[in-house]
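What follows is a group of structures, each given as structure tokens.
Next, two complexes with subunit A in common: one pairs it with subunit B, the other with subunit C.
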Partner chain A sequence: MSKVNIGERVRRTEDLRFLTGRGRYIDDINLDDQARAVVVRSPYAHATINAIDTADAAAMDGVLLIVTRDDWQREGFGPIPTKSGIQKMKDGSPLRQSDRHCLAMDRARYVGEPVALVVAETPAQAQAAAELVDVDYDELPAVIDPVAALQPSAPQLWDDIPGNLCLDFELGDREGTEKALAEAAHVVTLDIENNRVTAVPIEPRGCIAAYDAATDRYVLYNASQNVHANRDAFATQVLNLDKDQLDHIAPDVGGGFGAKNSTYPEPPLCLYAAKRLGRPVKWINSRSESFQSDTHGRGQTSRVTLALDADGRFLALRTDTVGAIGAYAWTVGPFTPTGGAARTQGGPYRFPAMYYTSRAVFTNTMCMDPYRGAGRPEATFQTERIIEYAARKLNMDPIELRRKNLMPPEMLPHKTPMGLDVDSGDFPLLFEETMKMAEAAGLTELRAAAEAKGRKFGFAIAPYLECTGGGPKEHASVTFNPDGSVGLAVGTSSTGMGHETSLSQILAAELGIDLDRVRFVQSNTQATPLGGGHGGSRGMEVGGSAVLQAAREIVDLAKPLAAHLLQSETEDLSFEDGRFAAGGGSVSMADVIDASMDADRLPDGMEPGCLDHSSVFERGVISVPNGVHAAAAEVDPETGVVDLAGYWVMDDFGTIINPMLADGQVMGGVAQGIGQAFLENIVYDPDTGQLMTGSLMDYGLPRADDIPNMEIGYYEGQPTAKNPLGVKGAGEAGCVGACPAVVNAVLDALTDFGVTHIDMPLTPQKVWRAIKDGGAHDPEGLMRAVS
Partner chain B sequence: MPDITLNVNRQAVSKTVEGRTLLVEFIRETLGLTGTHMGCDTSQCGACVVHLDGKPVKSCTVLAAQADGAEVKTIESLAPEGEMNPMQRAFHEHHGLQCGFCTPGMVMTAMALVAENPDPTEAQVRHGLEGNICRCTGYQNIVAAVLDGAKAMRG
Partner chain C sequence: MQDFHFTRPDDLAAAGQAHQASDDGAYMAGGQTLIPVLKQGLAMPEDVIDLNGIADLSGIEADGHGITIGATTRHASVAASEAVCQAIPALADLAGRIGDPQVRNRGTIGGSLANNDPSADYPAAVLALNATVVTDRREIAAEAFFDGLFTTNLNEGEIITRVRFAAPDRAAYEKFPNPASRYALVGVFVAQTADGVRVAVTGAGQDGVFRAAEMETALADSFSAGALDGIAVPADDLMTDMHAAADYRAHLITVMAKRAVARAAATA
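Up next is the complex of A and B:
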């Protein structure tokens, strides 16, 4: 392979092993003498645990160990407090949380909560024994819906937390917003539910824990997308270890989307069991258990109010959200419906005033943690739905209404009323470019084709503004090896995004070396002292910037050597396209690297290996990816079935490292948004709290014929100055823009029927029912009890 | 416990298995061919698709004992010398994979689809891939890869 550049569609180096069956995922790893673990999970949504009798289970063939709450209490293992970015209530008091242990202690609070760990020689033996662990439960009333959980009569999850309220929150100008609402020519209000979904990476979670008594050290192989943060929590909060006693390594990870970011209970249970047994312990979650025990996302109910003047100019936006966080304040769970969803309220529109208030509420369900977008999809959906709804109610053209209110480029940089620092972009340009793409695809012809089939046609456009997040620091370490290879270790975690290629591409491009010399390492606490893993579209923004910074510092380190080789002075050197030049001579970086390993070619004071270098990049301010989605939908009024007839996207991700990989992120994100909009829904029985969507038979994922082809364009005219690469972030934007685009397109198609709102997922049954009901809908029906 | 003899990736294999052993477990755990993946427990995801006597099957839905006497091909059979076949190359070229977990099943399904219909339309490809779930790619690049892989295999 030859030289590469930033911005080139470089094919992926990781593909060869994945395409030939040589990927190494967690379940592909087996350690000598390993035992197998199965988790005993609560069958009740809410129940007192009186006693746990393990005698029959322990007597089963092959059973080695059963871990219960008694072990956890005896060992003095700690709970895992939430790291939510918002830690204080409106009144300044701390958010309310109780202990989240790895096993249920006095009570089980959701179906699937771990109650015991059974370890046996084989998975089948462990499973058989798990079924004989006799747990004496007294079932308690459960509450599932977060609005219901706020009612005075609701079952209470925690004795010391009144009203099931974990955290309340507000942001923005309350008085100014209220004043604008009172004085506006038009005020439109709509209650919206953002359905509870789950990430469903196709590889289920799993881990292998091993303990070495001689050194009192542990190693954990784990399908994690955040090995450093997880290691810190497992070691210091749960197991009372020093961080350096635990090496945490993620092998190839089969998708994550946020759900493999969390501090889950199973790995510490396995680490403890490995020490007790003196044998490695392997645990692999089943898919059905994954629905119970992988974190969920979204699950917010909101009242959104938009004030407009007589000409349709936006005056104010007010949002009041109730967000379920599940039974515990999980890793960062309370942040999503509070600070997470607040920041990008109002999207790329000019709003003189905005006010966001929300409550994060305990429910007897699996817990919430980030799922791709974590708050920004909700904010965009709220903003775009209320705009579309207002256009319909006020007989305005929804496209014109948006066009009129977009922030013009001369308004930037701009701090929104939500405090978001929007530094760069051209929202009207992207809007018009997206419209052109859709029109070029033939909206008129698509409409005619739909109508010829007896179908209704709809079109919608949805601008979005989002923001990056996740750990602000990233470490990149570069080593030059005598065999010619170049080691690159970064603390990010690709779970499919292709960092092995894109981060190596940045290094190779910057140094001017061949890409295939780079040996990439990630997700390994031994390889990098710190790392932020993956989340918040930070891979290129923070990880890429760390690699770029390290590469630039290596060029500086190499200058004395290059000058020595060229017999010139360091200050006379230039470096371009991988070559140092001075006077008439030049030398390639590759040659300089070779010389750096050869003591005979080094100047005095430089030693072999002198170019090896590590660098830590720290983000100052989060960046603001933005763009526009548009969708065309056909609806069969006889059946309620929706077909997407077209999909167009323009994104401003700043600098694009590898457009092929960026396309992949957009396509996958849009598919997840379309999944949420039409198919996906986590449903618990509202009375018993039993999970009704507990398998892939019940939880609908999009398949190949559910997703349309997308046309994707990029605007790279205004890279951000917030990081040296100019990257704004690409990973989550797809599913930020998709839900409003497709839902609004369907509702546009249903105009003739008077249908103005349907909550996701827009299943054929719900669409058909809305048509039959002729648009009868209570716009304030969801939040009345708590507003 | 049944004794079975079968041909896996052109090699004869004779083993004694538990009656309840699934073909996917036999392939992964007994034979150590870990390219075939398990993504679910209800035969929905298709990560475990292999060819059984030339037909694509979800190997989580077949007992190892049922494969007695059969010819099984897994993802490992497609590039025995490390040289990818045209379908694998098309997935690489079109970025038809991200995390790679669904990929072996996806490629094995695509190979069977093209064997049956060497010149499929896009709609036929999308329909043919319905039994395989990918959570990363949004399918667009997979579909492009299968169409292009089919073309390359037609020669």
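Up next is the complex of A and C:
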């Protein structure tokens, strides 16, 4: 491989490893003398735990250790507090923290909550013994639906937290919004449910913990997408260790989507067991347990109200959300329905007034934590659904209604009523470009083809506004090795999206060296002193900027050496396309790197290895990716089956590092949005709290044939000035735009039947029933009890 | 998974003896149901008796009247069989739409019938085509074979050896897949045979596969989709689950039956 540039469609260097079965995932790692752990989980959604009898289990063949709450209490291990970005209630009092220990203490509060850890020689022995751990439960009434949980008569999860309310929140101009609603020509209200889903990464969670008594240090190999933050939490919050006693390493990780960002209970349990036994302890979650014990996402019920003037200009948007956060305030769980879903409310439209209010509510379910988008897909869905609904109710063209309300370019930079700093973009341009793509694909012909098959045809367009998030700091270190390789260690975390290629590409392009010299390391607390992992579409924005910054600083470090080699002065040097030049002479960066390791070629004052360099980049203000999705849908009215007939996307991600990888991010995100819109749904029995969708037999994941071909375009005309690369973040936008595009396309197809709203997932049965019922629907049915 | 003793006998007699000798033996053909339930601990047999070592249990034979399929013949083999495609294309089509490629390369017709999953595809074909299930002891008419959810009239230790299908005049199978599992939420096999029209429905009945008598009568008068206008199977005896209520299944049965008739009429 030779030189590469930023913006080049470079093939993924990691794919040879992945596609030939040589990836090294957590279950590929086995340490000498390792024992195997299985978690005993609560079969009840809500129950008092009276006693735990481990005698029969401990007597089983091969059993080495059973960890219970008694151990946790005796050791004085702490609970894991939530790090929600919003920590104060509306009245200024602190968010209600729920004591989340790694094992249930007095009560179990969701099906699947860990109650004990059984460690044995083999997984089968551990499983057999786990079934004999005798837990004496007294079942308690459970509450599953967050709206129901707010009722005065609802079962209470926490004795010291009244009304199951963890956090309430408001943002925007309440008075101005109310006034606009009171005076507007049109006011339209719709209750919307954003269904509860889970990430289902192809690799389940798992870890291997090891302890070295000689040094009193631990190593944790963990299928995590955020090793630094979780190292800190495991060491300092739970196990009372110094951070540097724990090395936290993620090997190849098979998908995360947020669900591997969280601080889970199993790794500290294994670390503790490893110390107790003096042997490594390995734990691998089963797929069935994953549905119970991986964090869930979305799960919000909202009332959305839009005010318009007589001409259809938007005057105000008001959203009132109730978000289930599960039994505990998990790693950052309460943030998603509050601050997370607030920021991009209103999308890329001009809104004189906006008001967002919400409540994060405890329920007897697995807990919520970020799932790809974490609040922004909900915000976009609420905004785009109420616009589509208003257009239908007011007999306006939904495309025209959007067109006339988009923020014009001259309005930017603009701070939205939600406080989002929209610095750059051209929303009308992207809107028209997307319409052109769809029209060029032949919307008229697609409609005719659908109708010829007896199907209904629908089309919808959905502009979106995104924002990045996650840790603001990122570290990149570069090491030049005598064998010619260049080590690059970054604190970001790729769970499959290709950082090994894209971050190396930035370094190689900037230094003008061959890409195949770069040896990439990530997700290792030994390799980088800090790192923000993966989350909030921050990989290129913060990680890429750290690499760029480190590379530019290396060029500066190399200048005295290049000048020495060229027998010129540092200030006379230029650097372009990987070459330093001065006067008539030039020298390549590769040569300068070679010289930097040769004491004979170095000037006085420079030592071999002098180009090795680390840099920390810190983001100031989050970026605002934006774009437009459009979808065409065919509906079979006899069965309710939907087929997507076309899909078009224009994205403004700022600078594109590698369009092929960006395409992958968009397609994957759209696939997850389509999954949520049509198939995926976590269902608990509303009375007992038993998980009904506990396997892939009942939890529908999209297959390849559910996903249409997509036409994707990028607008790179306005890179952001918020970071030196000019990137805006690409990772989550796909699933932000997809749900409203496809749902609104289906509802467009159902116009003839009077159907104006169906809550996700739009399964064939729900579509069929909506047609059969002639669109009968209560627009204020979901939130009536709490509004 | 609990430990078990594994045997792979060479012939039927040895398989039967192994079963008789075990307190709790399970036959395995393709293992596409048995292995998952073993892994989940839902079945914990002491002995697993693998039937794949019995050579003459597998294969497809055609005669002038129809097709005979050996019990351990894979779904993929049935789907790809020229003989089946010629004699009963609807059966090859059905086999080619069972599960996914992995399932089709392992799963067998005998295993599917012996298991009698209410959402399996093969029972609809066997019942609609009035096939004969041949065992190591006797021949069982399709009508007498299926006996409710996961239940058949096979006796303890009895092994299906092959299934004999007479070629229909025309037939077709239409499946409405469960959106999550892609098992049949409703599957309708329609066959017009020398003995009349038969319509068998899988995926929907509370007691497993069943025949839709009213539809058969209407189609006997006129083998056309329109003949089924206004005819619906009562929802009372149909399954309700989170994916489809009984009334939706009843509706889908009529839709799938009409589509099957239309396809059979077009391909004949």
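Note that the second predicted complex is superposed on the first by the 787 of 787 C-alpha atoms of A that agree within 3 Å, B and C clash if a C-alpha of one lies under 4 Å from a C-alpha of the other, contacts with A are read in each partner's own complex, and residues count from 1 in each chain.
The rule is short, and it goes like this: a contact is a pair of C-beta atoms (placed from the backbone, for glycine too) under 8 Å apart; a residue touches a chain by one contact, two chains touch by 3 or more.
The structure presented is a predicted model; accordingly, all values stated were derived computationally and were not measured.
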Could you look at A:Gly700 and tell me whether it touches subunit B, subunit C, both or neither (first, second, both, neither)? second
Is A:Val786 contacted by the first partner subunit B, the second partner subunit C, both or neither? neither
So, does A:Arg11 touch the first partner subunit B, the second partner subunit C, both, or neither? first
Can A:Val187 be said to touch subunit B (first), subunit C (second), both, or neither? neither
Which chain, subunit B or subunit C, ends up touching more residues of subunit A in the combined arrangement? B
Looking at A:Leu277 after the superposition, I want to know if it touches subunit B, subunit C, both of them or none. Which is it: first, second, both, neither? neither
In the overlaid three-chain picture, which partner chain does A:Val621 touch, first (subunit B) or second (subunit C), both, or neither? neither
By the touch definition at the top of the document, which applies to A:Arg769: first (subunit B), second (subunit C), both, or neither? second
Would you please give the residues of subunit A that touch subunit B in one complex and also touch subunit C in the other complex? 288, 696-697, 701
Looking at the complex, which residues from subunit B come into contact with subunit A? 28, 33-42, 44-45, 47, 74-76, 78-79, 82, 84, 88, 91-93, 95, 97-104, 107, 123, 125-127, 129-130, 132-143
Residue ranges of subunit A in contact with subunit B within the complex: 11-12, 14-25, 27-28, 199-204, 252-255, 257, 286-288, 495-498, 660-661, 663-664, 667-672, 695-697, 701-705, 707, 709-710, 734
Would you mind writing out the residues of subunit C in touch with subunit A in their complex? 1-3, 40, 176, 179-181, 183, 242-245, 248, 251-252, 255
In the complex, subunit A touches subunit C at residues 124, 128, 288, 638-639, 678-679, 683, 692-693, 696-701, 763-765, 768-769
